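Down below is the structure, laid out as C-alpha cells.
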Amino acid sequence: MKNEENENLMEYLKRKFMVNWLFGSLSREGKSTSAILVWVGFFILIFFIVIAVFAPYIAPYNPLKPAPGAPSFSPPSLKYPMGTDLLGYDLYSRVIWGSRIPLEVSALSIFFSLIIGMPVGLFSGFIGGKIDRVLVMIMDSIYAFPGLILAIVMTALLGPGLINVAVSIAVVYIPLYFRTVRNHTMSVKQELYVESGRAMGASRFQLIARFIAPNVILTVPVLISLNAADAILTEASLSFLGLGIPPLTPDWGREISDGSYYLQQAPWLAFFPGIFIVLLVVALSLIGEGLNDIVNPLIKRRETL
Amino acid sequence: MAERRGSIKTYIISRIILAIPMLIIITSFVFFIMRVAPGDPVTAMLGPHAPLAYKEKLREELGLTLPLYQQYFNYLAQVFTLNLGSSLTTGDSVATDIFVYYFPATLELTIFSTIVALAVGIPLGKLAAVKRDKKADVIIRLFGIIIYALPIYWFGFMLQLLFGYYMGIFPTGGRLSPGVTPPPHITGLYTIDSLLSGQFSTFLDALWHLALPSITLGLILSGVFIRTIRVNMLNTLQSDYVQAARARGIEERDVVNRHAYRNALVPVITIMGMEIALLFAGAVLTETTYSFKGMGFLLVWSIQNRDYTMVQGAVIIYSIFIILFSVIIDIINAYIDPRIRY
Amino acid sequence: MKIISVKDLKIYYNTSRGVVKAVDGVSFDIEREETLGIVGESGCGKSTLAMGLLDILPPSAKVSGEIILEGEDILRKDDEELRKIRHEKIALIFQDPMTRLDPLMRIKDHFLETFHSHRPELSEEEALKLSGDLLEAVGVSRETLNYYPHELSGGMRQRTMIALALIFNPLLLVADEPTTSLDVIVEAQILQLMNNIKKEFHMSIILITHNLGIVAEMADRVAVMYAGKIVEIGPLEDIFISPVHPYTQGLLGSVITLESKNLVMMPGEPPDLINPPTGCRFAPRCPYALDICNKDEPPLEEIKKGHSVACFRAKELAEEKNYYLRGEASERAD
C-alpha cells in the first residue's frame, strides 16, 4: 500500500512537474518569470553545446596554429572577428574551440561527484550512528574548505590533464550531494520509524530509497546546474593559474591569462574569452535559479502531503 | 516564570571543542593528498638529473624516509605547535613569513572586500524583496546572477583597464606605490598600522591600492548577499509578527525596516561564515591579478616554484583560520540572536 | 447601539490554482459590549474574516463589500486612515502569541512602537508607564516589559498581547482562537480576563474559535460559518439549545459531553473553495437536502427575531423539533 501511494506520488509529481513548469501557465504571478529564466538559460546552453560540437565547422582557422598570414596583435576585424595575438593566432577560432573544455570538464566532474556523493550520502543516512557522524564530519570539513584552494592543491599534485582537473573539481563538490541525500534519508528514516515498525514486504532500505527519490529528483537538477556553473569557473581559474589544462589546448581561462600580459596593447585578447565564460555561467545559473524557484514550493507542498 | 538565559560561556567552549576534530581532519586530508599524489616532490624540486645522493639527503631532511605513521604524527605535532618548517626557496620560516606578512595582507583584502560586498549586496537585496516581481526586483536579481558569474581575474583586468590604464584613477597592482615604505609592523595590515603610527599618507596610499582589488572581489561576492537578503526578507515580510505589527497599525515603513529587515539580517552572520571560504578562494585570484602579496599570491607562487613546504604551510594556516572564523561567527551569532544558547 | 456593520463582505484570493472564495458574502452587526462568537471548522473562512476586518490581508486578496464603523465604510478609506483605525478602533489578538511578537524586540519596544505610531506626541516615560499599567491590569508584572518574547510563558504572552490590544481602548476586540495554544487552566484565566476587560473597557468582542465550549461560556450571540458563508446566526441559547441549520445541528451533535450516548459525525468534507458546489454549499453532506438545495443558494433569513438561518427548510426543521418560533424562550420536545 505504501508502495502504491508512493508510486502515484511519483507519477503525480513527474506529471505536474513537467507539464506545469515546462509550459508553465503565464497567468501565474512570479511563476512565469522563473520559467522564462529557465528557458533563456536553456537556450544559451544549447547554443554553447552546438558551437562546441560543431567547432570544426564554425571556426575558420586551426586553433593550434597561427592563422596563415595573420598579423600579430590585430584588433577585431571582419577577417579575425576577435583579433589576433602575438603569434598571429586567431582568437575567434580558439574561443570557439575553447567551449569544449568547460563542458567536458564540468560534465565529467559532476558525474564523479554524483556517483560518489549520492550513494555515500544514502548509506550514511541509512546507517546512522558513529559511522554517519564521522562521514558527516569529514564531508563538512571538505565542504568548509575553500573549493578553489582545494582544487589548486590537488591539480598541483596530480599534474595537468583533463581527467585530473575533473577529479580535482569533483572532490570539491562531493560533499554537496552527500549532504543533500543524507539529510533527506535521515528525515525519511524518522518518518518511517514513526509510521510503521516493520514495513510490509520490501526492506526498509528499498522503502527509504523510494521515499527520498521524489525529493532527490526535484532537488538534484538545481544542484547540478549551480554545480556546473561553479565548476566551469573553477576550471577556468585553474587554467588561468597555469594548472590544469596543458598550454596549447584552447581554453578560455588560459586565454585570459595569456592575454593579460598585453592588456593595454591588445585588450581584446583578455576580453572575449571572459565574455564567453560569463555567458555560459550565467546560462547555467539562470537554469539553476529558475528551477529552484519552481521546485521549492513543490517540495514544500509535498512535505505537507 | 521567565526562562534563564543560556550561558554563552558553555556555548563558546563547546564550539571550540567541536572545532578541533575538524582541524585534524582537514590537515590530515592535506597530508594524505600530498603523500598519495603521484610524482616525487624531491625529484620535482631538484630536477630529474640530480645525483641520487642529493635526493636521498633531501629526502631524509624532509623526513620522507620515516614510516608513514611516524611522518603523520610528526606532521600533526608540527601543526599544533605551528612549526611549519622552512621555505624551500627562501629558507625563511614558513610560519613567520605567513603570519607576519602574507596572511595579514589577505586579511586586509578580505575585510575591505566584505565591506564592499555588504554595502552593495544588502541594500540591493532589500530593495529587491520590497519590490518583489516588479522591474527593480528582476533587474537586481539578474545583476546578482551576472556579477557572480564574472571570473574574478577577468573582471579585475577589465577594471584595471578602465580605471587604471584608461582613466588612471587607481593603481593596478601591489599594496603600496613604489618608493613608499610600509608602516611599522603591528598587525600587518597596512591600513591599520599606518593609522596607528600616524603615517597618514601611507594610510591613503594603502587604501588607494586596496580600492580596485576590494571592489573586484567585493562586487562579485555581493551577488551572494543580494540573493540571501532578498530571500530572507521575502520570508520575514510574510511572517506572523509582521502581520501582527500591521494589525497594530504600525507604519509600513517601520514594519519593513524594523521588523522584516532586522530579522532578515540575522542569518547574514551565518552566511558570512560560509563566505569565508569563498573569500579566501576569491582572494587567491584577486591577489594574483593585482600582484597583491597575500596568501593567495603566495600559494600560487609556491606551487609554481615547487616550494612544497610553503604550500603545506599555507594550506594548514588556511584551515586554522577558517575554523577559527567559523567559531567566531557562531559565537557572534549567539550574541545577536537571543534564542540560540545551549 | 451598533458598533460595526458588515455588509456582504467578500474576500477572494488569487492563487496559482484559481480564485479561492474564502469569505463569500458575509453580513452581521455587532452591538456595544456584545460578544459575537464565530464558529466553524478549519478553513471555513473565519480567520480570513478576522484579517479582513482590519484589512491586513496579503496582496493577492480582493475585498469587496462594506464594513461600517462609526458611520463610515472603512474599506473605502485610504491607507493612512485605515492604519489609524487599526488598533485604535479595532484590535486583533491572534492564536499563537509566540510567532506574533518580534523575536528581536523586547516587550517594551512593542508597546513603545505602537504608541509612537498612533500618539507620537506622548513621551517615552509616559508610554512606558501606561504600558506597565496595562500589563498589571491583565495580571502580568511590569517587569515583563524588559523581557524578550521567548522568555515568557504562553499565558504571559497572551496576556501581553491582550494588554497591547487595549492600549487605545478599542471599540472592538477581534480574538482569533485566543486560547487554542494554551492549556486548560490558563485558558480559563484568559477567558475570565477577557470578560472583565469587556465590562471595564466597554468593548465588543468577536470571538473566533472552533471550540464550542468557550463559545458557550463567552458569547452573547453566535454565528456559524461554513465554506465562507454564515449559515446560522442568533442568540447563544437559541443556537445551542435549538439549532436549526443542519450543519449547526451536526456541529453540536459532535460535541462529546458526559451525557453523550452516540457520537454523531457528519459524513463528507467541506467543499473546495475554488469551485464550490452550486446551490447550498452544505447540500452534498446534508441529510435533509432537496433538489432545490443543489441549484439555488439559500439566503440568510430571519426565522425569529434575532435568529437567522440560511436553509430552504429552516422553518420546517424548526417546527419538526417543536421550536417555539414566535417570541421568547425556545423549548425542545424530545
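Chains here go by letter, A, B and C, matching the order in which they are written, and residues are numbered from 1 within each.
Please note the rule applied: a residue touches a chain if its C-beta (ideal position, glycine included) is under 8 Å from a C-beta of that chain, and two chains touch if they have at least 3 such contacts.
Keep in mind the model is a prediction, meaning the values are calculated, not measured.
Participant: Of all the other chains, whose mean CA position lies farthest from chain A?
Facilitator: C
Participant: Check A-B against B-C and say which one is joined by more contacting C-beta pairs.
Facilitator: Counting C-beta pairs in contact, A-B comes out ahead.
Participant: Which integer distance in Å separates the CA centroid of chain A from that of chain C?
Facilitator: 52
Participant: State, to the nearest whole Å, the distance from the C-alpha centre of chain A to the C-alpha centre of chain B.
Facilitator: Each chain reduced to its C-alpha mean, chain A and chain B end up 23 Å apart.
Participant: Need the CA-centroid distance for the pair chain B / chain C, whole Å please.
Facilitator: That gives a centre separation of 54 Å.
Participant: Which parts of chain A, given as residue numbers and ranges, touch two or more other chains?
Facilitator: Those would be 29.
Participant: Which residues of chain B touch chain C once you look at their complex with the stated criterion?
Facilitator: 1-3, 5, 238-241, 243-252, 254, 258-259, 262-263, 266, 337-339
Participant: Using the touch definition up top, name the residues of chain A that touch chain B in the complex.
Facilitator: 29-30, 33, 137-138, 140-142, 144-149, 152-154, 156-159, 229, 233, 236-237, 240-243, 253, 256-257, 260, 263-264, 267, 270-271, 273-274, 277-278, 281-282, 285-286, 289
Participant: State the interface residues of chain B toward chain A in the complex, per the touch definition above.
Facilitator: 21-22, 25-26, 29-30, 33-34, 37-39, 132-133, 138, 141, 145-146, 148-155, 157-158, 160-161, 165, 277-278, 280-282, 284-285, 288-289, 299-300, 303-304, 311, 315, 318-319, 322-323, 326
Participant: Can you check the complex and tell me which residues of chain C touch chain B?
Facilitator: Going by the criterion above, the answer is residues 51, 54, 56, 58, 79, 83-88, 91-92, 94, 96, 99-105, 113-114, 117-118, 147-148, 150-153, 156, 164.
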